[in-house]
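In what comes next, subunit A is part of two complexes: it sits with subunit B in the first one and with subunit C in the second one.
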Partner chain A sequence: MPTLTIDGQQVTVPEKTNVIEAAKTLGIEIPHYCYHPGLSVAGNCRMCMVEIEKAPKLAIGCFTPCTEGMVVFTNTEKVKQARKDVLEFLLSNHPLDCPVCDQAGECWLQIYYMQHGQYESRMMENKIKKSKKATSIGPHVNLDQERCVLCGRCVRFCDEITKTHELGIFGRGNREELDVFPGKQLDNRYSGNVVDICPVGALTDRDFRFQVRVWYLGVQDSVCPGCSRGCNIQIHYNRNRPHHGHGRRVARLKPRYNSHVNQFWMCDEGRYGYKFVDAGDRIISPMLRRGAELQMATWGETLAASAERIRAVNPSQIGVIAWPQLTNEELYLVRRLFVDGLGCKNVSFSVPSKKDGGGDDFLITADKNPNTRGAGEIGLPIADSTGDILQAASRGEFKLLHIFGHDLLSSGLDQPLVESALAATETVIFQGSNSHLTVDRADIVLPSATFAEKSGSFTNFEGRVQRIHEAVPPLGDALPDWQILNRMARALEMGWDYQGTEHIFKELAENVAAFSGLSYCVLGDQGELLGYKPTNEAHIPTEPVTTVII
Partner chain B sequence: MESEELQGIIDHYAGEKGALISVLQDLQGVCNYLPEPALRQVSDALHVPLSQVYSVASFYNAFSLKPRGRHHICVCLGTACHVRGAPRVLQEMERQLGIRAGDTTEDMNFTLESVNCVGACALGPVVVADGGYSGQMTARKVSPLLKTLGTSHEENQNDS
Partner chain C sequence: MPEKILTKHFDVPGFRELGVYRQHGGYAAVEKALGMEPAAIQDEIKRANLVGLGGAGFPAGVKWGFVPQNTPKPKYLVVNGDEGEPATFKDRYLLEYAPHQLIEGMIICSYVVGIHKAYVYVRGEYVKQINILRHAVEEAKAENLLGENILGSGFHLDVVVHQGAGAYICGEETGLIESLEGKKGWPRIKPPFFPAAIGLFQCPTVINNVETLSHVPHIVNNGAEWFASLGTEKNGGTRVFAVSGHVRKPGIYELPIGTPLREIIYEHAGGVRDDRPVKAVIPGGSSSPVLTADQLDTNMDFISLRNAGTMGGSGGVVVMDDTTCMVDICANISNFYAHESCGQCTPCREGTSWASKILNRILEGAGRMEDIDEAIRICRNMMGRTVCLLADGAAMPILSYLTKFRREFEYHVENSECDVKKSH
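Right after this comes the complex of A and B.
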């Protein structure tokens, strides 16, 4: 554990820490392009130069390990001049097309030029033209070679993380170009990450390009609902330009660092899987069946109708199909309402999907639900599988089915069975966010919020409980599922009065052993494992919180 | 080139570390350039990703990714040659052959290139044609040089 001095401040760091990381712990930023903490060190951009006492010349911070007694200066005249010179080189063939560049506003050429460049241009020569501008190189990524600073981060990502080797730097000198091999595509299950780590506008996201300028975006921490890994993400939402981006409020998802879960990365399926949040099939109003038609109704009418029908039947005649897309808090309320409150014994939650989830040995898991583990810990299902419930329903044993989210009619379930179960059941209540075939068969429809529109927590397959936060308000009249359940319980006069998700979580932690000791404070922004044992020390997050763009 | 022939080259270096450059050199020697199907074969056989094969192939000037002509003319534009009039020699070459530096004539007879110093500054301006050095070049000497090259080509063809 060497102790060194950086800009007059002493710091002790683990063996082999480089100067950039050591400085980061002191809150000192050493500008850099090619270095990325999730990749091997390349040392090619020369932006990270620092002055080291007794060293004959400047050294690069990314490739210099800290040693005992080292004295580092990050802000001397020599260092400042070096940064200026490096920027002048990097920009000598750069097209300076920021007004039409989607990276503008989060571009490290812009940021570092303003912080460390600010020189007068001396370029008299013509700039070298590169071959590809605004060219798609794969399903998700666009390439603009003139803007590339040849840092090689994207190449190393494809070599070291996905090991798919699509990208390379070809040619040499001022004609070097980043590209794919002729005729090949950048097409792997994690390709979107290269856009995040590209420090400039060379690689941009085809899905996000030109939808919203980044300075109009708001940021909210969340967790990807795409599979049971629960990658930590940021939701970037369109804060105040609703007319931009074709009405998409959620503009993009970005991975958020969590050393226990996803490090710096996320998969493409998860990254581009959020479209349902603002899709045209969102259910924006409660609905009641009047004759052959589902008609819009108020929450009051709908909840009263639901309560009436629930009260009218024996609890043993109610089947509930919960949903592992619900948060821990909501699943807990499902249990409280149907099982503990009404005494209903037929609650399932998982529905097989038609296609295989295709898990891999990196992040993607086969279970496409973020909270299957949570549901299990909370004690769902009770007794039966969804198949059993449908069997019973088709035999006419149920008078009421409460279905959360699932589209049973396009699932991997036996379809004739689903048909006969729906037909044989008097009242079908559907509670979910998006419309589909099953919704058309419901008698009462309760519109719920998506993951981006509510707060709560998911438990990933390893048992890590992680928080999600509301980024945008629920669309139309939709409400978070926990609020719907809370109101329904009140309509059933169960005496509930939950004030918020934290209130529910507190009770959950008291009642469900696996969650004991956990609280929103303990979960923090990196989550915490089930079976947590509080220590006497105050809870301190163990990892430095690093933002995506590094 | 037949893929068996290429396999022969690859087998020759089998197991050697860093065989890639040697294989590419031999391939360039046989074909005069590096055909794309051959690069794919090299990548498969040596278990080197295509992107890396391409990086190496495009880095070295000795490799060409385009078919090259039977005669290879290289005009030095290094500092010494430059000040002694090499640009005019190059221009005359381009004019007579009807191609820009870096290109090959349509009949695949000549490939014209420029380099930034061949290390024979005392002879400047220097032109290296098919490996032979011609010093103190001038625009006037371009035509005879091309003729000699052209004839030697014809002779070769008559020989065979």
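Right after this comes the complex of A and C.
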């Protein structure tokens, strides 16, 4: 554990920590392009040069390990001049097409120029023209070679993280070009990450390009609902310019650093899997079946109708198919309402999917639900599997089915069985966010919020409980599932009065052993494992990771 | 005439064939070495003051000593025959005329360090030399000088001759190693400053120039004191100078390493054509800062040249007479480095070509007075800020022309023409 001095401040860091990381712990930012803490060190951009006492020349912070007694200066005139010089070189062949560049606003050439450059251009030679501009190199990524600073982060990502080796830097000198290898496409399952780590506008996201300028975006921390890994993400949402991006409120998802879960990365399936949030099939109003038709209704009417039908039947005649896309808080309320409250004994949550989830040995898991583990810990299913519930329903044993989210009619379940179960059940209540075949068979439809529109928590497959936060309000009249359940319980005169998800989580932690000791404060922004044992030391929530890209 | 070592038998017909080579004492050093303690040979090489003749001038015996001895990994010898430095053509002759001399040096070096696999990386354009070397390797194998149990000693060594693909940067030792591994020849980040512990295939590696290793058998045969006595205090033996430019007899000249530049030009290379005065001399390949006519008494060993503000480099000597336009030479050299910068590090990638564009503009008569200082500034911003020394090797000579011959650049700017060419 060497102790060193950086700009007059002492700091002790683990062995082998480099100067950039050591400075970061003191809140000192050493500018850099090619260095990325998740990749090997290249040391070629030369932006991170620092002065080290007794060293003959400037050293690169990324490749200089901290040693005992080292004295580092990051802000001397010599260092400032070196940064300026490197920026001048980097920009000497840069097209300066910021007005039409989608990276503008989150471009590290722009940011560092304003912080460390600010020189008058002296370049009067013709700039190098490169071959590919605005060229698609894969399903998700666009390449502009002229904007590339050749830091090689994307190449190292494909070599070291995905090990798929699609990208290379071709040619020599300033004719050098980043490109895919001949005959290859950048279409690995994690390709979108190269856009995140590209410090400039060379690699842009085909899904996000020109949808909205980044400075109109708001940022909310969340967790990807795409599989049971629970990669930490940021939701970048656009509420200021609703006319941009064809009304898309959620503009993009970005991975958020969590050393326990996803490090710096996320998969493409998760990254681009958010479209359902603003999709045209969102259910924006409660609906009641009147005759052959589902008609829009008010929440009051719909909940009254639901309560009436639930009251009219014996609890043993109710089947509930909950949903592992629901939060821990919501699943807890499902149990409280149907099992503890009504005495219902037929509650399942898992529905097999039609195709294999295709898990891998990195981040992607086969289970496409973020909260299967949470559902299990909370005590679901009660008694039966979904198949058993449908079997019973098709035999006419149920008068009411309450289905959360699932499209049973496009699932991996035996379809004739689903058909006969739906046909044989008097009342089908559907509670979910998007319309599909199963919704058309419902008698009562309760529109719920998506993960981006509510708060709560998911428990990933490893038992890490992580929080999600509302980025945009629920669309139309939709409500978070916990609020719908809360209102329904009130309609059933159960005396509930949950004020928010934190309130529910507190009760959950008191009642479900696995969650004991956990609270929103303990979860912080990096989550915490089930079975948490508080130490004597006061829990200090982890500092939020503020940088998106670097 | 001073004693020759490496090129002594270049006139002997068929010297490149194993039989003729042996008739002239070839492979006696290997026989002798295989009966010696490796440490004793290494000590001999150290005391001989044999230095790296590829350009760095680093003591070879010391370099061999950097290789860790107790390692479970295989160790490799890599011979640098990439010879890409403009004005350098000594290895070409050593490979063509005395391939067995190199192989002998490789066997001894491998025996000392405990190496069983050696690669010779030869410049891609040296097709003839590659074929000759490959033939020599086959001959040596056939006579049990390579392969298993060499001359019954129990020592074994395999040699692979690898043809480069035409990049200057692959002469930089870590760039060469990357290239040999099948990758793009991007030099590796330092430290480690030597590939001794982490080199080829991440294994301990000795890398030496063709000329350096070719000296080794002679040191084993004749002793360290003999070799050291031929050179200067710190640099032992001879060096093969490749002399070109405006001399009457361009070619290779093997001379004691500390021979004065004036002697090389006037006593060996036949003096300057038409008895014109010398204007400038590149002493050690295009990367070495240029010397002016008043520096001809500089001795050509690494230390004297360093003291003269330039470097021994690759031993490629280019003599320029008074009809030479220094702006032209400077622009020409800058073009080379702009073309050959590997593009890995920002300052070199952008700086070499930016400087080159400015210098060409001055040459073409479109320069501005401030361009001269601009080019100097760009060169200074490149130096010491890159993974390898190509940037320094590009900036140093350009700076030397811009500062030593600034008047000529100013004339080009002021008059849009060359006063040197005009007056000759």
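In the analysis below, the second predicted complex is superposed on the first by the 544 of 550 C-alpha atoms of A that agree within 3 Å, B and C clash if a C-alpha of one lies under 4 Å from a C-alpha of the other, contacts with A are read in each partner's own complex, and residues count from 1 in each chain.
Criterion: contacts are C-beta pairs under 8 Å (C-beta built on N, C-alpha and C of every residue); 3 or more make two chains touch, one makes a residue touch a chain.
Fair warning: this is a prediction, and the values are worked out from it, not measured in the lab.
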Fit or clash - subunit C, subunit B, common subunit A: clash
Which of subunit B and subunit C A:V155 touches, first, second, both or neither: first
Touching partner for A:I310 - first (subunit B), second (subunit C), both, neither: neither
Touched partner set for A:F63, first subunit B, second subunit C, both or neither: second
Larger contact residue set on subunit A - subunit B or subunit C: C
Touched partner set for A:F181, first subunit B, second subunit C, both or neither: first
Touching partner for A:L167 - first (subunit B), second (subunit C), both, neither: first
Partner chain in contact with A:C107 - subunit B first, subunit C second, else both or neither: neither
First, second, both or neither for A:V223, with subunit B first and subunit C second: neither
Residues of subunit A contacting subunit B in one complex and subunit C in the other: 168-169, 171-172
Subunit A-facing residues of subunit B, complex: 36, 49-52, 54-55, 58-59
Residues on subunit C engaged by subunit A in the complex (per definition of touch): 167, 169, 184, 189, 338-347, 349-354, 357-358, 361, 374, 381, 384-387
Touch list for subunit A against partner subunit C, complex: 41-47, 49, 57-58, 63, 82, 85-86, 88-90, 92-93, 122-123, 125-126, 128, 149-150, 168-169, 171-176
Subunit A residues touching subunit B - in the complex, by the definition given at the top: 155, 158-159, 165-172, 180-182, 184
